[in-house]
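What follows is subunit A paired twice: with subunit B in the first complex and subunit C in the second.
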Partner chain A sequence: MKKTIFLILCYCSILIAQSVDQQNEVNLFSPPNIKKFADYLFCSHDYLRAALEYQRYLSTNHNDTVSYKTAIAYSKIGNYSKAAKLFASIDHQSHLFPDAQLEYYKALFQDEDYFGLRNDFINVDLSNQFVLSPRDKKLFYFSYLFTNDKLPSENKFLSHFEGTDFQRVKDFYSWKEAPPYKSSLVAGILSAIIPGLGKFYVNEYSDGVFAFLAAAALGYLSYTDFKAEHNFRGWVFGGLAAGFYAGNIYGSIAAAQIYNVKIQFDFVNSLKVFLNAKNYFIPEINFCR
Partner chain B sequence: MKWCVIFFILVIIFSASNMFAQDALKKQFAFAKNLYASENYYDAITELKRLLFFDTYSQYTFEIYELMGKSYKMGGKFSDAILTFTDAELNAKTIQQIYQAKIEIIRANILRRTTDRALQLLDELANDKKFTSKANEINYWRGWALMFADKWDEAAKSFAKIDSCKQLQNLAEKVHKDKYSEVFSNLISHFIPGAGQIYTGNYFSGFLSLGWNVLWGYVTINSFAANRIFDGLVELNLLWLRFYNGNIQNAQNFAKEKNLIITNKALNYLQFDFYGQKP
Partner chain C sequence: MKLFLCIFIFSSTIIFAQTDWQKWGKANYSYAVKDNFHKRDLSFDAKNPARFVLKSLLDSYWFFISDVDGDNCAFSPTCSNFFLQSVSKTNLVQGTLMFFDRFTRDMDFIAKFDFYPRVPDGHFYDPISLYTLNKNEIKYIPPSVIVNNE
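Right after this comes the complex of A and B.
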């Protein structure tokens, strides 16, 4: 009899546990379930939905980790201003605060708010709220490579980088200090002296050869036609030669400008690739282990 | 006796809570269906994902993936739709569900314009003995895939195999008949400059092209005849051949443009005025 009672009790306790568990599962919109679902979305890289679910959770609960993950989700989908706002809202007492601070700078950086980033850095440094480590200062210095502001001195700039990064950052710094731009004035003058030479100056060799040949051939045709007293054809080819000549000067000036834009674009791109590879000098927290 | 009563009460509690869980999932599915019906596709997908996450016993998995795929499709996310329909196929419990999922994949491929893949899947279905009773439907979607692949004559043949598809068959035949041959347009422009443009109904452009070619041909031949070889070569390369090649290209482009207008008109009709099943 005792044994039967014991077995019934065991079975009943299992039933009760299952019932309680299922009662919790029933309300799909209870805060714990919303959080569970949001975590699932976050780990399946569905960041927009995850952010919205986390925000739904945060409307009734306070949780620094959830705020942090919401900001990460917004950052992942490119809503950097919202991410920055959320990172900034992480409490100073939270264990996530140092990471949130770095992520905040990263979000400002990605939002291309370099001035905001620098101002914030300077304010934090002056207020002595917490000590900025050399790692924290990397983004601060890196932001100068994206703007046209006066660069800090090379020693000061590079003192925050070491190891394999050092040489790479030094190259970036040198590029920024003296960008290898081509002068559009020089390109124009060169093309005025010899058609196509301006194009050679901006490394467009085939265009340069073609411009030279076209101007020379049309000029020669015009000359021979005038010489043979075919005045009409002489004027037609002369006009075409003049057009090619003027167009080539204009084209060389434009090509120099395009060249400069291109190398500037490539420079910014390589900076971004480098920063992405380094995750903006921030250690990534894996929430989905 | 007392223990038995307690035991039965607990069993009832357990069954009731289980029923509540079932009810919650059912309600959630109905909620998602409602969102889909009201064209809130993004929210519908969110709610279906929620249901999928909490449906631990996988009771709704096929239905969830199917509706999620449809939501993606309606939102224009055809690649996501295809991936989701593939999940539906993997979670199908019956042959009918497998067929349904495959057809949805084909329809999404047609809309995504990956018609080669759609046709390949249709061939697989047609060769599968499990689906021999579905021959009409397979031919129907093959017709649609061929229309989207711009193979209107083959589409007409596919629709001809179905008795109730005269309307689509006639449409496909008409489009095929109305379309201009790009090859022919290109070819006649080689022999008579401007003829390709005239063939596609662009008379002004055709005669203009003919005029330019006659003029520069005359100037070039004149130069060669007068032994002005250099002049002749320059005129031939910079003027005559330029207009001659331009005429050929132009003729082909006109044929392409005209064909695009004809096919777009037909597709427009299918989108807005055709009331049968569409991809």
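Right after this comes the complex of A and C.
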């Protein structure tokens, strides 16, 4: 009986046991603990919560490394304007300042504020606050590929790139200088000569085939109906054939415009993929070793 | 020992018993096919004679043919809606040309998957803004994207 009571007591004590030591209660919201938790979230790639915890820490403390990591966290979750503000707030005396400056340009770049980025570069260059290295100027030159501004000369542009990047950047430059756009006028004329040919010109082959078949089949029906003196049907099919013919010319012009927007979209995407792979030419600091 | 085992099993059963009975409640699913024709705007449009004739023809088509035939157009907006929207946005001539072009693309059953993004109900998204010949209105959306056009 004693053994049973003993076992029941053991079992109950395990069930009702408190996991928190109430005698030595820890203040989980003290600044060092907030920072520890934020660091844990940061290294777990939970950047949204990490940024919020870092901000909570920064409300009572000043720490450049924490500000830097907060900005990185905001950058990772796509809040680039907030990231740029935080990078810009890093003290000039801090050992993180050169990296923060580059990250600031990166944040402006990701926020698609290319004009702001260039103005800032020019101002820094003029003010001689610190010397911009050729590596720093890469983003400055890359921003021209995203806007419709006049490109700098090829030699000047490419002089900042070397090694494996050189050929890739040269290809980007050539694309931007002479984009392989399709002419709406040519597409329209081609479709006027042979229905559907304009769609072939803009790589929409099956649309071109169906446009040709629709115009040709209805035109043929109209012809045979007129020949058989079924004039009403002849006019109906003739009208439809004319509609499809004219609609295809119009559609080819529109398709050329859409094609041009699409290849511009693909170009910008490939630029972004390239820049992401290179981390915008910025060495990444590993805070989670 | 037997008593202890009984108490142990009994208490464990109570502790780990399933209390979330809502989980096992009856689910109210509806398998009815959502019909789109209740959303049709079948009103007359008397802004000008051309629109009156066009809207009347489209209303008749929707009421007597399309709604009876079912949801068969692969695109969103449907071809008839595309026609109405394009005429409203541009003019009768340009809108008609846009409609003929759309109808040709609707016939093409091969390349739709490679060209158009989808809306959540599976239709191919093909708005009129791409075809008004206004370059600023063209917003390219890759085919891999699901567009929420609600």
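The rule we apply is simple: the second predicted complex is superposed on the first by the 264 of 289 C-alpha atoms of A that agree within 3 Å, B and C clash if a C-alpha of one lies under 4 Å from a C-alpha of the other, contacts with A are read in each partner's own complex, and residues count from 1 in each chain.
Assume a contact is a pair of C-beta atoms (placed from the backbone, for glycine too) under 8 Å apart; a residue touches a chain by one contact, two chains touch by 3 or more.
Note that the structure is predicted; figures quoted are calculated from it, not measured.
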### Message
Touch test for A:N27: subunit B only (first), subunit C only (second), both, or neither?
### Response
first
### Query
Regarding the shared-chain residue A:F115, is it in contact with subunit B (first), subunit C (second), both, or neither?
neither
### Message
Going by the contact rule set out at the top, does A:Y205 touch subunit B (first), subunit C (second), both, or neither?
### Response
second
### Message
Per the contact definition in the header, classify A:L221: touching subunit B only (first), subunit C only (second), both, or neither.
### Response
first
### Task
Applying the touch criterion given at the start, work out whether A:F37 contacts subunit B, subunit C, both or neither, answering first, second, both or neither.
first
### Query
Is A:R49 contacted by the first partner subunit B, the second partner subunit C, both or neither?
first
### Message
Per the contact definition in the header, classify A:Q257: touching subunit B only (first), subunit C only (second), both, or neither.
### Response
second
### Message
Let me test your reading of the model: by the given contact rule, A:W235 touches which partner, first (subunit B), second (subunit C), both or neither?
### Response
neither
### Message
Show me the subunit A residues, by the header's touch rule, that subunit B contacts in one structure and subunit C contacts in the other.
### Response
4, 8, 11, 15
#### Entry: Interfacial residue positions of subunit C with respect to subunit A in the complex
1, 3-4, 7-8, 11, 15, 94, 96-101, 103-105, 107-108, 110-111, 115, 130-131, 133, 135, 138-140, 142
### Query
Considering the complex alone, what residue numbers of subunit B touch subunit A?
3, 6-7, 10-11, 13-14, 17-18, 20-21, 23-24, 28, 45-46, 49-51, 53-54, 56, 230-231, 234
### Query
Okay, in this complex, where on subunit A does subunit C touch?
3-4, 7-8, 11, 15, 204-207, 209-211, 214, 243-244, 246-248, 250-251, 253-254, 257-258, 261-262, 264-265
### Message
Which residues of subunit A touch subunit B once you look at their complex with the stated criterion?
### Response
4-5, 8, 11-12, 15-16, 18-19, 22-23, 25-28, 33, 36-37, 40-41, 46, 49, 52-53, 217, 221, 224-225, 233
